[in-house]
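Heads up, there are several structures right after this.
Each of the next two complexes has chain A plus one more chain, namely chain B in the first and chain C in the second.
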Partner chain A sequence: MLHQIKQVFRSPKFIVGFIIFMIILLMAIFYPLISSVGPMQSISKAPFTAPGTYVNIEDAVRDTGGQLTLELPIVENRIEDALTADEKQKMITWLEDNGGVAAGELSADDIETLINTWNSTYDPTLVVQGMLTSAREEYKRIDIRVKSVLSVTGVTIAEQGEDGLEVTGTIDYKRFINVNDVANTFTFPLGADNFGRDVLTELTSAILTSLRVGLIAGLIATAIGLALGLLAGYVGGLVDNLITFITNLFTVIPSFVLLILISNSISSSARGVEVVAMVIGFTAWPWTCRSVRSQVISLRNRDHVNLSKLSGHSMPKIILRDILPYVASYVVMALILQISSGILAEAQLSMLGLGPSTTEVATLGLMMNWSQKFSAWQVGAWWAFLPVILSIAFISFSLNLMNTGLDQVFNPQLRDS
Partner chain B sequence: MSEKMSENKVTIKKGDSVLKGVGITRVFGYGKSRNVAVDKVDFDFHAGEVISIVGESGSGKTTIAKMILGLIGVTEGEMYYNGQPRDISSHKKKKEYWQGIQAVFQDPFSSFNIFNKIDDLLIDCINLMGMKHKSQEEKVEMMTEACSFVNLKYAELTNKYPFELSGGQMQRLMIARIFLMKPKILIADEPTSMVDACSRATILDMLLKLRDEIDMTIIFITHDIGLAYYVSDTVYIMEHGKFVESGSAESVIITPQAAYTKRLISDVPKIHEEWDLSTV
Partner chain C sequence: MKGYVKYYGQKVAWYVLTLIIAVALNFFLPRMMPGDPVRAIVNEATTGMTNASAIQQIEQQYYERFGLDKSLPEQFLTYVGNLFKGDLGTSFTQYPRPVTDVIGESVIWTLALQIPAILVGWFIGNILGAVAAYLRKGFDKAVMPLFMFLSNMPAFGMAIIMVWVFAVTLKIAPLSGGYGYDLLPSFTPEFIVSLISHYALPFFSIILITIGGQAIGMRSMSIYELNADYVKYSRFLGIKDRKIIGYVFRNAMLPQVTGLALSLGTMIGGNIVAETIFSYPGIGTTLLAGITGGDYPLISGSTLIITLMVLVANLVIEILYGVIDPRVKAAQQDS
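Presenting the complex of A and B:
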């Protein structure tokens, strides 16, 4: 036994799968401990906040401690941020067509010359023959944006006093404060979802819940499949025919259809995470049953089983002592595959809206479902679904890799030469 | 050694019928894959004899052995045990039956549960013999005795797993198991065909020694008619599921009737000469 475990940890495929899986698992366990928010806590009031660090504006304005005047190209940076390359190209085109600037004289890279030329040349009142009104309006909008970001007068702070607004201070445009001195900042490493929840924290909790779903479903499916497979394979005869009939029935009806029917018939109030996991487990056992059965059939004619019979052992004892140990390694592999497909089945069901009916617990499938319902794709909020898809992919990839590794250890003919 | 062997043959007391089969038939599969492995065979085995069943591979020898052992069902026919119709309808009755009839199988490597230690196998036999209550020391003593009977040292085997043994050692351990169980009938299904040449003679020798020790009937299954002649009193020749010839070893081998028997004999060059066990 110990020898076999050592062998398993010498298989490169198993090790890679195991490491990936452990990284995901440890991250899912430990990240919530260092995260300052709960996985189900709504942080952001706006849906789909982009990833980044957010600084409380009032705290930033009021903070005087670490103020600093920095000689940075602030205006240029603002313009870079405010104008797209496309808009810069449009400005150049206007200046060349209507401002008498020679072609090639201006470039989008030399932003200072471009802005200066624009400011001295652009005339919003000029009506160019043949130019659409919409195009003219767009140039006006660009002009307004340029003018506003060029402002270097700073901001005047006024507060509500007893008789109207009182000016309490001004902020020069070159002033900076240390981010660490701002009392309230918040980082969304992977943005926020439609509920305003921090996606990374929510994702870690969803991974744990999905793994639990996979484990429950996998254990149920493996337990049923193993018990029925052992019974059908060892006892044979009528028992075998009956179990094979039931197994075939479950196989002929695609298990996904069965899943949908069962999920649908359970009232949504009762459809918690555990219930969905059990439904998946109760529909996934047939293939474990089939393969255990065929293994047992080849084992039951082995002489050590005959000898055990001749020694007078009872059937349950023979199954437990002389059959089970021989299929144990195979059952472990089947369990791993069942866990992996349980996680995928939950994701599929939830995508269809037939998963756990709750918004208080996150699973990988539910996160996909929510991002789909709230049009994350359409608004470009990739952070709401891409990390989830990658998590599902990596979990099932690592589990399948571990399974392949085990397969190579237990079935030496599959080993690479 | 051969002197002693011939003596064994002389001192056989022909006893009552211990095992009798009438019209025993076994069919595997049905429809197109229907295969009559054993076809209406009759036999009558007497106490204290060594009976050989000889036939080529696939002739149905193992199938007959398993039917006699009650490991597989009989499609048709009646079996009599100690003169009574055999009754193995319940697990309890099977357990009783198996106290009187045991087996050594062909392949020692598949005869052991590789997950159990050697001690477990031997202790199982002691328990089955109704000596579960005995103290650990007494059990160890019995196991030591059984092992030394087959020239193995219990102290070297304890806590070992079967795969740490050679095929010959495994087969000897199987004989030690029989020594502990002391059955009235032993079926040995080609016990020497899958062990190394050096171990073959030892194993045969031990089987015959055991026969004298506990006075049992041996049903010896082999494809080697020379070997059968050497060890047995009665020989049954099997071809395609049927017994084509039977009788005392001398008469069958010296004056064979069936063409199949003649062919089997012609394959063995030195059959009438003194058997040299070192070449077995």
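Presenting the complex of A and C:
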């Protein structure tokens, strides 16, 4: 046994798969523990808050200690923000027509020269012949906006006092606060979903739930498949014919269809995470059964099995001691594949609205279903769906890599070399 | 020739039997659930409805359709009888359209999307897998992990990423639907252009997924065959490499055909979920609409048609298999 485990860890594919899987698993276990919020707790008040660190606005305004004065290219940024491209073009036109500036000398890209020329040349009292009053007024408004952006007085803060508003201070554009000094900040490493939940915390707890779904489904499917496969392969005859018939039937009738039919028949109040996992398990066993059966048939007439039969061992004993150990490695691989397809099946069911009907726990499929319902990709909220898709893909990628690695260790014929 | 008739006769008979059992499952599964599912279905279908006469009509429909006063086998016979008449009941969400009508309209879209996509994906995947197995080294090392990752991507995930990248961010493809919402199906050039532009995203997303899975399978099969004794022996005899590779790939191809038959159900199921992402007017979107609206006849009709599609596809593959597998051929000629 120990030797086999050592062998397995010599396969590079298995190691890569194992490492990816362990990273995902450890993150899923530990991140919810260190996260300051619950996975299903609604934090952001707006749907689909983008990733980033958020500062409480009130705190930011009130904080007066520890302010920094920074000389940064802030003016340009603020002007860019305050003036539209159209307005900049209008300023250039005015300067070229009335300010004596040569055509082509100014451009909307060189905002500094434009503003400087504007401040030195623009005269609000100048009445240009033929210019509409509305146009003249618009230039005045642009001028006021430019001046207000450039003013250093900043924003005046007033608070509600006894006699109406009382001025408590001013903030100018050069003052900054260290984010660490603000009491109320919250970081969404992967943004927030439509319910305002922190996606990373929700995702990690969803991964754990989905892995549990996969494990329950995989264990059930493998147990049924193994039991029926052993029975059919070893006993043969009528039992074999019957089981083979059923197995062939369910490999042709898509399990996806059975899943939909059964899930749809279970009332939504009873459709919890475990129930869905069990339904997936009960529909996924046929191919495991099929492969176990063919393995057992090839073992059935080996010498050691015949010897056991001659020694008068009972059938359960022969199956347990002389056949099961030989198919054990195969069963482990089948279990791994069943887990990965169980996770996928849950996700697909949930996408169709037939997944676990609960709002207390998140699964990967439910997270996808929610982001579909709230049109996450139409509004471009990639953080709400991309991490979930990648989690599903990486979990099943790592499980399949581990499976391929195991396959190469236990089936020397398949070894690439 | 006689052997072939017997072979195919058996296959067809087996599939007909499977179909009968599938129909039975479609009928009995919802009834085996604890509680009164029909009652629950009626309740679910009528929640939110305020029109008393509509509720009554739906109730009546259910009781008539399921014939609840009769015994289960009798009900089943009625159900099968209705099936033969092409009667799958009346849709609730699209009342008073019959389910056959709704499904008949959507099944064409699904077929037109999935058959070409799966076939093209299968061919490209097999060629790439074979090339990877033959070249090994650089190409193999660079491309295989990518294919492996692709094949593990859920079909709906690939669909969402496609929509997000090409329709939402780059705005070079339409967001959803089978054709422009301002157009009516017709044979005008405008409509055909719109049809093709809506077809591209679902088509390529299915192809990408299929390529990944098939390439990996073909690669390991080809490697296995390339190491087989007959290859070494042929090389020893001095047969040209090209000729050997022809044999190798033909042999590696056979398990791939079986593999396609085995994975077809899963594949079609996954693609049907992916369809809903594009709101492609196929079976998947119809099924989703049925589930969301609690439209039971529509759901059961959709699942039946999906089963039928998978069964027919499997049968076609098995028939093809009889033609291309020399072992089957030999067995038929012997008898």
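The rule is short, and it goes like this: the second predicted complex is superposed on the first by the 343 of 417 C-alpha atoms of A that agree within 3 Å, B and C clash if a C-alpha of one lies under 4 Å from a C-alpha of the other, contacts with A are read in each partner's own complex, and residues count from 1 in each chain.
By our rule, a residue touches a chain if its C-beta (ideal position, glycine included) is under 8 Å from a C-beta of that chain, and two chains touch if they have at least 3 such contacts.
No experiment lies behind these values; they were computed from the predicted model shown.
Enquirer: Mind checking the superposed model to see whether chain B and chain C fit together on chain A or clash?
Expert: Because the two structures are overlaid on the shared chain, the partners are seen to fit without clashing.
Enquirer: Which partner does A:Leu401 contact after superposing on A: first (chain B), second (chain C), both, neither?
Expert: Second partner only, chain C.
Enquirer: State whether A:Asp123 touches chain B only (first), chain C only (second), both chains, or neither.
Expert: Touch status of A:Asp123: no partner.
Enquirer: Looking at A:Trp382, would you say it contacts chain B, chain C, both, or neither? Reply first, second, both or neither.
Expert: The answer is second: A:Trp382 touches chain C but not chain B.
Enquirer: Which touches a greater number of chain A residues, chain B or chain C?
Expert: C
Enquirer: Counting only touches as set out at the top, which of chain B and chain C does A:Glu360 meet: first, second, both, neither?
Expert: In the superposition, A:Glu360 touches no partner, neither chain B nor chain C.
Enquirer: Once the shared chain is lined up, is A:Arg321 touching chain B (first), chain C (second), both, or neither of them?
Expert: Touch status of A:Arg321: first partner only.
Enquirer: By the touch definition at the top of the document, which applies to A:Ser311: first (chain B), second (chain C), both, or neither?
Expert: In the superposition, A:Ser311 contacts chain B only.
Enquirer: In the overlay, answer first, second, both or neither for which of chain B and chain C A:Asp109 touches.
Expert: Neither chain B nor chain C is touched by A:Asp109.
Enquirer: Based on the superposed arrangement, let me know which partner A:Glu162 touches: chain B (first), chain C (second), both, or neither?
Expert: neither
Enquirer: Check whether A:Arg302 is in contact with chain B, with chain C, with both or with neither, and answer first, second, both or neither.
Expert: After superposing on A, A:Arg302 lies in contact with chain B but is clear of chain C.
Enquirer: In the superposition on the shared chain, how near does any CA atom of chain B get to one of chain C? Answer in angstrom.
Expert: 7
Enquirer: Touching residues of chain A toward chain C in the complex: what are they?
Expert: Against chain C, the touching part of chain A is residues 249, 251-258, 260-262, 264-267, 287, 340-341, 344, 347-348, 351-354, 368, 372, 377-378, 380, 382, 385-386, 389, 392-393, 396-397, 400-401, 413-414, 416.
Enquirer: Residues of chain C touching chain A in their complex?
Expert: So the residues of chain C in touch with chain A come to 15, 18, 21-22, 25-26, 29-30, 32-33, 35, 37, 40, 148-149, 152-154, 156-157, 160-161, 163-164, 168-169, 175, 220, 223-224, 262, 265-266, 268-270, 272-273, 276-277, 287-288, 291-292, 296, 299-300, 303, 306-307, 310-311, 314.
Enquirer: Please give the residue numbers of chain B that touch chain A in the complex, ascending.
Expert: Contacts found on chain B: 66, 69, 71, 91, 94-95, 98-99, 102-103, 105-107, 110-113, 115-116, 124-125, 128.
Enquirer: Using the touch rule from the top, collect the residues of chain A that touch chain B in their complex.
Expert: 302-304, 306-315, 321-322, 325-326
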